[in-house]
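Letters A, B and C mark the chains as written, and numbering starts fresh at 1 in each.
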Amino acid sequence: MPENSVVSQQQVPAAVSPASAGQDGEPLLRVAGLTVRFGGVVAVDDLSFGIMPGTAVGLIGPNGAGKSTALKVIGGEVKPTSGAVLFDGVNLAGRPPHVAARHGLIRTFQLGGEFARLSVMENLLVAVPRLRGQSIWGALAGRRWWAAAQDAEVRRARDVLSRLDLTDKCDAYARDLSGGQRKLVEIGRALMARPKMLVLDEPMAGVNRSLARHIEEALKALRDEGLTLLLVEHELGSVERLCDRVIVMAEGRQIADGDMGQLRSREEVLRAYLGGG
Amino acid sequence: MDYYLLTVCIYVVVGIIACWGLNLQFGETGVLNFAAVLFVAVGAYTASLFSLGHPTPASYQQYFWGTSLPWPLPWLAAGVAGGALGLLVGLLVLRRLRGDYQAMVLLVVSTMGTYLVSADPGLLNGSIGLASIPAPFKSELHTGQVGYELFYLGLSVVTALIIFEVLRRINASPLGRVLRAVRENEQAAEAVGHNVAATKLMVMVVGGAVAALAGAIEVQFIGAWAPAGWTYPETFGLFAAVIVGGRGNLGGVAVGAFLVQGLFLEGTVLLPNFGNPDVIGAVQWMSLATLILLFLWFRPQGVIPERQRRFREGQPGPLRGLLPAQAFARVGRGQQNA
Amino acid sequence: MNLVLPSLGFGIITASTLLPAAVGFTLQFSATGVLNIAFGAQMTFAAFIAYVCTQAGLSIWLALAAAAVCGALASALLNRFLLTPFARRGTTFFGMVVVTIALALLVEYAVELIWGPLPVSYPLTAPGLVHVGPMSFTHSQLVVLAIGVVFAIGTHALLRYTRAGKAIRAVADNRDLARSSGISAQRITDLAWLVSGLMGGAAGVMLGISLSSVSYTMGDTFLLEIVAAAVLGGVGQVYGAMLGALVIGVLLQESAIVLGGAYAPISAFAVLILVLLIRPTGILAGAAKAKGVS
């Protein structure tokens, strides 16, 4: 495995990986019969889909369609009323978010996902899984115990930052960055967590055009490196360029599934968009 | 006067330690521990029970149990008790409740403690409180009052230094960074794989043990402890010190504790007596409240703000293009058969 | 002699006082997101305003009304000139709590400086007891009870039938959601502070009447019971707060009889903790509130 890999460095032992890492024909993420009710509102209604490893899938739909809620369930923040979330062979439905993250499923937030009063570098380092010195005993053992491990991660983080064009912001507090730069920090942080899959909630919303382009490029690069992506985004152009396949939701239900070209001609998709916003 | 100054010094050291405990919870991790003073009290009562000896029916004070152990065992017992309380309260409050509930329930728990001790005279001598708590080595050392206070101050300072080193290591480590991440954004900390509930539980235990040690040091010095000394405004005094000094900065918190605990709360006794003591008390608390408001408005980061961390170690790698061929492993495709 | 039933009467009186306080507290908290520790001190302040009014010759009931209005105004001003500016400066939730604690100390000790540390009391006339089965009430207790009921009905009407009330309830239920559906946050915030100040002011005077004394630490002590009632009912749940007030009020008085006065608050809080262990979002909180447990 190349030493400077940003994306993967999966820690799965070879003996385990064939079964769990998803062979051909076996989706990395499978969502089955997912339903979420908030009181009377059915935010997600019987949603089912699978995502093959190494593919990029878009999830689109008008405001209030239930996209964010679906992502929250996948990430573990919201417990589904019913249904299963199978990631890499494990059912994550109802498990807390850190469990999903430790299995390699990392999600970003639609709004305010950064650690405001941590520097950009620290934002990235926080996400390193099982870093020496993150446990109380490791911390008490002192700098000598964890310094080398941290240095290695700092180098990796610098790589990530240079890929994202954030090198000069390394020591700035995340709260002093622009909205788009914060989104980039979040993506960088997700990469530091050694994800098997990234789940992104509107990474380009409210970001100026050139920075949005930059985020798109970064995501495209990650996709081409084989990282599995699930992307919620309103900017359909970006979705078309990034995603192999698109799922359309409206009022909690999945109304279409296919590639963007096919979807553009489907009437119910157009109606959902025109009707809903 | 020497005598009084030494006394204030010891109080300040005690205040610093208690504030450090709270800083780990509130300043670094963002846990609004409104029961902070309860931990100090538990430490004080534990140290008392472990030094007073068996209760006798003839004694003028009642307590449910007691033994007499040599120093430093009462202090250690206090630390253990504080940690245990942190675990208990943490399990009760932190695991299942939302942040805003947590604060309210902690406030309730703290007040419940005061009521409980006051209500039952057989438990810890009720609202009168415990007295005649022996001071360590006092009978062995023949030094006179000032000499003994110097000795005790030394003992507390050494303890404070040990605690400082423990907390400094936590603060500087990757763990400290996780704590600050939890403070800044719990959901995001969870989303990158940190068990926020377990992390908070940990700081409740460690911070609780530290605060309890402060109580132990204080009680073996003054020799008495009663419920009136640990009502919830005292918790506010601790918060005030952390905010004034600088949340998340151990040195800053020490300065804050010196200013608030030393000058404001203890130091006012040094002032010439004006009017009746009620007025002094009221003016004291009101000026402390004003001080806090001023700080939150003009300098919310405190006298000595949290350090902004820079990373010199780890040279940047050679600048790569976005897509160096084969530089990055593909994921999830069973290619790791190295 | 069996005192359980007679003390039920006291319990109901305590609950009547607790009710407007807990409802006001929970409404304001859930609508504005500020945990207001100064609520108790505001109650004390209003109770002393009523005292001044009675000294000036007003009847206690007029004084109660005046105190409630003063409480509402003070609360609204407080929000406008202290809390909102702090919030605009980006003070965090925790910072805001500390601001309200500071405020509580300021108000409480200002009251002590002005009116002295010794308790005062309202001139309550109308002697004689009214017997209802095994329970007996003084006339003023009955009026307190009536005011409690009026507040319960009034709150219900406000939230159910007025536009402003519906908006408050929507915001209290789910602040982000209500914001995004175009409810003016500033107006609702103002209104919530006004209403909670009114209820807190009235509750302060009612507390003074039922304790038959008014002291500068009164509201602060009572705050814990308010918080307990609000948390028990599920924060943000107005009807939950009413139920919580009833449970805590009755529990306080009953346990005072059964266990002795000193243990009363402990047993009430112990019940609160037990309930929270079983149902972390309070008795009446919506079961499907996904954000509640985490």
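Going forward, contacts are C-beta pairs under 8 Å (C-beta built on N, C-alpha and C of every residue); 3 or more make two chains touch, one makes a residue touch a chain.
Computed from a predicted structure; not experimentally measured.
A.B. asks: Which two chains are joined by the greatest number of C-beta pairs in contact?
C.D. replies: Answer by contact count: the chains A-B.
A.B. asks: Measuring between Cα centroids, what's the chain most distant from chain B?
C.D. replies: The most remote chain is A.
A.B. asks: Centre of all protein Cα atoms: which chain's centre is nearest to it?
C.D. replies: So the chain sitting closest to the middle is B.
A.B. asks: State, to the nearest whole Å, the distance from the C-alpha centre of chain A to the C-alpha centre of chain B.
C.D. replies: 38
A.B. asks: Any idea how many Å lie between the Cα centroids of chain B and chain C?
C.D. replies: Roughly 31 Å, centre to centre.
A.B. asks: Using mean C-alpha positions as chain centres, tell me how far chain A is from chain C in Å, no decimals.
C.D. replies: Averaging C-alpha atoms per chain gives centres 45 Å apart.
A.B. asks: Which residues does chain A have that touch at least 2 chains other than itself?
C.D. replies: Residues 77, 96 of chain A each touch two or more of the other chains.
A.B. asks: Which residue numbers or ranges of chain C touch two or more of the other chains?
C.D. replies: Those would be 291, 294.
A.B. asks: Which positions of chain C touch chain B when the two form their complex?
C.D. replies: Its residues touching chain B are 29, 33, 35, 37, 86, 89, 91, 93-95, 97-99, 101-103, 105-106, 109-110, 112-113, 117, 224, 227-228, 230-231, 235, 260, 262-263, 265-266, 269-270, 272-273, 276-277, 280, 291-294.
A.B. asks: Within their complex, state which residues of chain B touch chain C.
C.D. replies: 26, 30, 32, 92, 96-101, 103-105, 107-109, 111-112, 115-116, 118-120, 233, 236, 239, 243, 278-279, 281-283, 285-286, 288-290, 292-293, 296-297, 300
A.B. asks: What residues of chain B sit close enough to touch chain A in their complex?
C.D. replies: Spelled out, the residues of chain B in touch with chain A are 166, 169-170, 172-178, 180-181, 184-185, 187-196, 202, 206, 306, 308-311, 313-317, 319-320, 322-323, 326-334, 336-338.
A.B. asks: Can you check the complex and tell me which residues of chain A touch chain B?
C.D. replies: Checking each residue of chain A against chain B gives 1-2, 4-10, 12, 14, 17-18, 21-23, 28, 53-54, 75-77, 88, 96-98, 101-102, 106-109, 112-119, 121-123, 125-129, 131-136, 138-140, 142-143, 146-147, 150-155, 157-159, 162-163, 167, 170-171, 173, 189-190, 192-193, 196-197, 217-218, 221, 224-228.
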